[in-house]
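Written below as structure tokens is the structure these notes are about.
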Amino acid sequence: MAGNTIGQVFRVTTFGESHGLALGCIVDGCPPGLALTEADMQHDLDRRRPGTSKYTTQRREPDEVKILAGVFEDQTTGTSIGLMIENTDQRSKDYSQIKDLFRPGHADYTYEQKYGVRDYRGGGRSSARETAMRVAAGAIAKKYLKQVHGIEVRAYLSQMGDVSIDTVDWDQVEQNAFFCPDASKVDALDELIRKLKKEGDSIGAKLTVVAENVPVGLGEPVFDRLDADIAHALMGINAVKGVEIGDGFDVVTQRGSEHRDAMSPQGFKSNHAGGILGGISSGQDIVAHLALKPTSSITVPGETINKQGESAEVVTRGRHDPCVGIRAVPIAEAMVAIVLMDHLLRHRAQNADVMTSTPKLK
Amino acid sequence: MAGNTIGQVFRVTTFGESHGLALGCIVDGCPPGLALTEADMQHDLDRRRPGTSKYTTQRREPDEVKILAGVFEDQTTGTSIGLMIENTDQRSKDYSQIKDLFRPGHADYTYEQKYGVRDYRGGGRSSARETAMRVAAGAIAKKYLKQVHGIEVRAYLSQMGDVSIDTVDWDQVEQNAFFCPDASKVDALDELIRKLKKEGDSIGAKLTVVAENVPVGLGEPVFDRLDADIAHALMGINAVKGVEIGDGFDVVTQRGSEHRDAMSPQGFKSNHAGGILGGISSGQDIVAHLALKPTSSITVPGETINKQGESAEVVTRGRHDPCVGIRAVPIAEAMVAIVLMDHLLRHRAQNADVMTSTPKLK
Amino acid sequence: MAGNTIGQVFRVTTFGESHGLALGCIVDGCPPGLALTEADMQHDLDRRRPGTSKYTTQRREPDEVKILAGVFEDQTTGTSIGLMIENTDQRSKDYSQIKDLFRPGHADYTYEQKYGVRDYRGGGRSSARETAMRVAAGAIAKKYLKQVHGIEVRAYLSQMGDVSIDTVDWDQVEQNAFFCPDASKVDALDELIRKLKKEGDSIGAKLTVVAENVPVGLGEPVFDRLDADIAHALMGINAVKGVEIGDGFDVVTQRGSEHRDAMSPQGFKSNHAGGILGGISSGQDIVAHLALKPTSSITVPGETINKQGESAEVVTRGRHDPCVGIRAVPIAEAMVAIVLMDHLLRHRAQNADVMTSTPKLK
Amino acid sequence: MAGNTIGQVFRVTTFGESHGLALGCIVDGCPPGLALTEADMQHDLDRRRPGTSKYTTQRREPDEVKILAGVFEDQTTGTSIGLMIENTDQRSKDYSQIKDLFRPGHADYTYEQKYGVRDYRGGGRSSARETAMRVAAGAIAKKYLKQVHGIEVRAYLSQMGDVSIDTVDWDQVEQNAFFCPDASKVDALDELIRKLKKEGDSIGAKLTVVAENVPVGLGEPVFDRLDADIAHALMGINAVKGVEIGDGFDVVTQRGSEHRDAMSPQGFKSNHAGGILGGISSGQDIVAHLALKPTSSITVPGETINKQGESAEVVTRGRHDPCVGIRAVPIAEAMVAIVLMDHLLRHRAQNADVMTSTPKLK
């Protein structure tokens, strides 16, 4: 109800503000018998972490995740898994300047109006730092999906400002700080970031998530379609303003004869649908795109008001990413993995009788 | 879990196939004391109905909704509301041709794989006919929102094929069969539809939904953000492949200094955000766009396979819309209204203590 | 949220007042491929129906259930199942006498206070008539449980007033109008009912539900234990004031050495636990007891107040059961069956990887 | 789904095994603006803690709760609250003796069968230690209920073995280690415990929970009745085998004329119903009773089997309560408080329009 939970069978509930004692989450419904240690999550947490490269913010947040419960002798037990990341970088900063201001483009105003009270330190619960726990939970889902079905969920940067990336070489994605799958575009991205830093401004980004080896049949008709739940999960990432499945908004100008994916005895002959038909996975690659707005935390002065409703100017100092979209790559992967994991388990619940085989962990 | 329910406080659960005895739904959690009769729902049902104009399919589906329970002396009682629409046009058609075929672009294949059984008549549960009950439930939400907060949820066609509509005159929307807010574009739309009919093909569409007078504070942070739930609701409509909030995918090339909406003592100075900040409504108009694929039910022959995995050709005869997007206008309004209604009630649950006023029904 | 739904995977949502057009429910999450016709539900509906015998109320409610959707060619399709029972006995009675009165022991006062409005005809939504849909939905669960696992859920009257029934002969239960498993007690029950009718009074009852062949492992630890969910389901039946699992309140005076069920290589050596350990089914018979209060609808005059808060006297005329507990036998079976069905599917969702076998429908 | 969450608006999700690193929980949906510090929870945690008196087990578990998030400047912010209790007493005990045994009366066998893996240290997730987090979460609910409505939720021991307690003096409850409301019975209880310790056996108990000042209207009709949810919450406490509301099982022998509570202009004239009519609170005291089985952890040798299915004998050494029911007093209070809190917020969600007043935090 208060919205800090996602999933129905594989349920992830998170807590934690930017500057509280710790972030944490409970992963409930994970199948028992999955080998799991902190290391399985740390890799993705490190990919998300700011300060990893010169292109992203230089704040130090070691993001070391601890498993508090639900795992015994390095194996999930089927009971709820407790995870925690302590906030180590909590130095008592001076927030007096922004405490009573509503930063434009941020959630300061809406939180204040909704709750009548607000943890103004670093955006509180609306901070991007909150997404660390999603990445940790997503890593569990990714591991299970890979192990049981060979499902692989990966994402990359497909556009930043005017730099559009059309060639996808998965081997390149982890070779640069932009999660850019086209080595020939890295310099252009680099240049754009430098320019923005100099100008104290920021830029939007587009990401693409691909899930391979998804079995046919995941997703529920009507409201909880697989695409609807992916849209929910991706639009729920900070700064996301648009989500597409398959051809997305390009369908507006497409003909039916062009869009529909023909089938042959060898399988589908194209994938305009993005791997989902009638809300249910078709066995093809699932392809989703998301658009992330440019961060509002920039040094260009902004016009705003304070709690008293008076005019004010705000300048966000500090180390901020000129493009928050880059760091969202592991978050987007995590969210899609959580949705797939949940739907895989939901599918088993109702359809075990007609499933031709039940893949096993071991 | 099986996905036929949407909402948490204002909950809508539907049933019904294209050619079963009846479609129905249960609306649970509607506040008591709302004046309600069938007529309140019939208007939107008629707007959605095929056969209304020469541009949409000519099948006759009177779609007459009946209130079976939950309303006493024309007033909601707070108990669950039962709604039903009988399927009157159930003539025993000959389905032998498509019974064993997987129509390309349809959910035939995925339903068959998921359930091992399938009501092949008219698409069964995956039929667009299912959306009638969403419109009925949405009409209840629309009435309540209007009455208690003056919230108005409306939609229009913003693009069909290459015909893009940029001028919005709400008075025009109901004056033509396209829900087109620009009278000067109606001829071009008309021409396009005629051309498609002749060619036996179809086209995609883009719709825009606007909600006015939404109070500040609706939406829950983290997973159940208002934008995430709107994305879930809109992506859950048949044929939708993309959803945008505010500037949507345009943010990819925007600067932070351009995108963030400045605030002055008189209010926000722009609305790039589409009325939602940090997942919570800001009091500005909520603006969402959605892209609908061209229907796959066309007379252009399509390549496919049958249940035995053999090659086959499929031609969809019968009366089908060349642009299913048009009829989705009242459906999109209904889905956004259901989401807003649900979040309005959710907000009250947790935040009643800090709400400055509780609007009353009377 | 508004409480008209039970279950998480196998979800039952109901609507309908005592005197509305119809009662109905949606059963969502039923596995596909189950053979199902109206006849499968009608038997239990007839067992519940008033007017069946001379011992229960003589109102005529044919309770004919119709399947509106979700079943195709007499087989469940996996989509939501719509069920309806039309209210045929809606003659416009004169309710002017009780319209403004709060009948003691009824929900008139609490409904009025909660909702500010109330369907006063026959108790509206609080009428026992509402339970008909539970019985219909429960019949689907019973059929599936029986077919896939051989699970049998049955109930009987174990006490009425001072007449306690200790001998259980399942063959007797359906041989008399009391669902009494001991033929030698039928005369005493008969006599008690006659006496109460003459006095215009009513009496409480105790029922026992037994589920056989339940596999080990159903139920979730901590909050959604199998016993907790059974308690929720049984306490949710009109008039129920107490629920016990296994030895129930007798445990208060038991020693640990006496209560705990020893295990041998041949299995458990006793069943004080009632088939549930740590909230999870142990493979033994699940045994639950419930206590139902005497109906407040009696001809003995009762002291009460009206809507204006003034003193008033109420006499409930009409045909009412002197012991509502009797008719609750099929309802109690239905509720336990729904809970078991739900937990069976929940169990499969998370634990499919470790289940040694997945029973199949066919 | 996996059952580690309770509540719909006020949601409590817990994690933690007996011997893991920590226990924790997330309280989601708590209204903002509630003053809250660790001290508010510590009092009830101390009441639950073993080792508090000579009558309960002497294990040292300091149970110090930490607020990790969701509270800012000693006030709830409306975001999810993270709580943690570190397990300090984790000395590496030798579990080799019970590792492969299924202790009779414990959940060892059912967990092993359900999950295929089991944290055998101290019962793992099925340990009574898990209830510490319920008490912490319940303390938040208790504080809010008290502050906003003056609702008070308290419990006491009403029977232990044959020692029945009929006189209730609330002032006595916290004056003795048994939560016994009748000073004259303390010696008898003391004697019984000594006897059991000597014999290495245990005994059951009955508790009574009373909630005062509950407003009329809490609870939802049909499935989520207030009494049904209380039954769910109480039956979900370890060792509970029976739950009663109001007169409970005594209704079996009552007449309708005796049971139904008459109303006068001054209010109800009796409270057989236990404060709930039709599943909705009536404004009277809510009264519930629960029966707890005697612990199976006794030194009397028990007959059982090991994982290989061979006969074995088990003797539970260590410091265990002869009556676990005593320590359940604060747990029962917590569970009822959580249910009331949840229903209070649920009620506001749907019925704000008809509520005559919205109580405020401040």
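Worth a mention:
We call the chains A, B, C and D, going by the order they appear; numbering starts again at 1 in every chain.
The rule is short, and it goes like this: a residue touches a chain if its C-beta (ideal position, glycine included) is under 8 Å from a C-beta of that chain, and two chains touch if they have at least 3 such contacts.
Protein identities per chain, from UniProt: A, B, C, D = Chorismate synthase.
If you're wondering where the values come from, they're calculated on a predicted model, not measured in any experiment.
Compared with chain C, the chain whose C-alpha mean position is the greatest distance off is A. Taking A-C and A-D together, the chain pair joined by more C-beta contacts is A-D. Centre-to-centre separation of chain A and chain D, using mean CA positions: 38 Å. Rounded to a whole number, the gap between the C-alpha centres of chain A and chain C is 45 angstrom.
Within chain C, contacts with two or more other chains are made by residues 1-5, 8-9, 14, 29, 32-33, 78-80, 114-117, 125, 221-222, 346, 349-351, 354.
In terms of inter-chain touching, the protein chains here all touch one another pairwise. The residues of chain C lying in touch with chain D in their complex are 1-6, 8-9, 14, 102, 104-107, 109-111, 113-117, 125-126, 130, 159-162, 196, 201-206, 216-217, 219-225, 227-236, 238, 240-265, 269, 272-274, 277-283, 291-298, 300, 302-305, 309-311, 346-347, 349-351, 354.
Interface residues of chain A facing chain C in the complex, by the touch rule stated above, are 1, 8-9, 29-33, 78-80, 148, 221-222, 345-346, 348-355, 358-362. Chain D contributes residues 1-5, 8-9, 11, 13-17, 20-26, 28-29, 32-33, 66-70, 72, 75-82, 84, 114-119, 124-125 to its touches with chain A in the complex.
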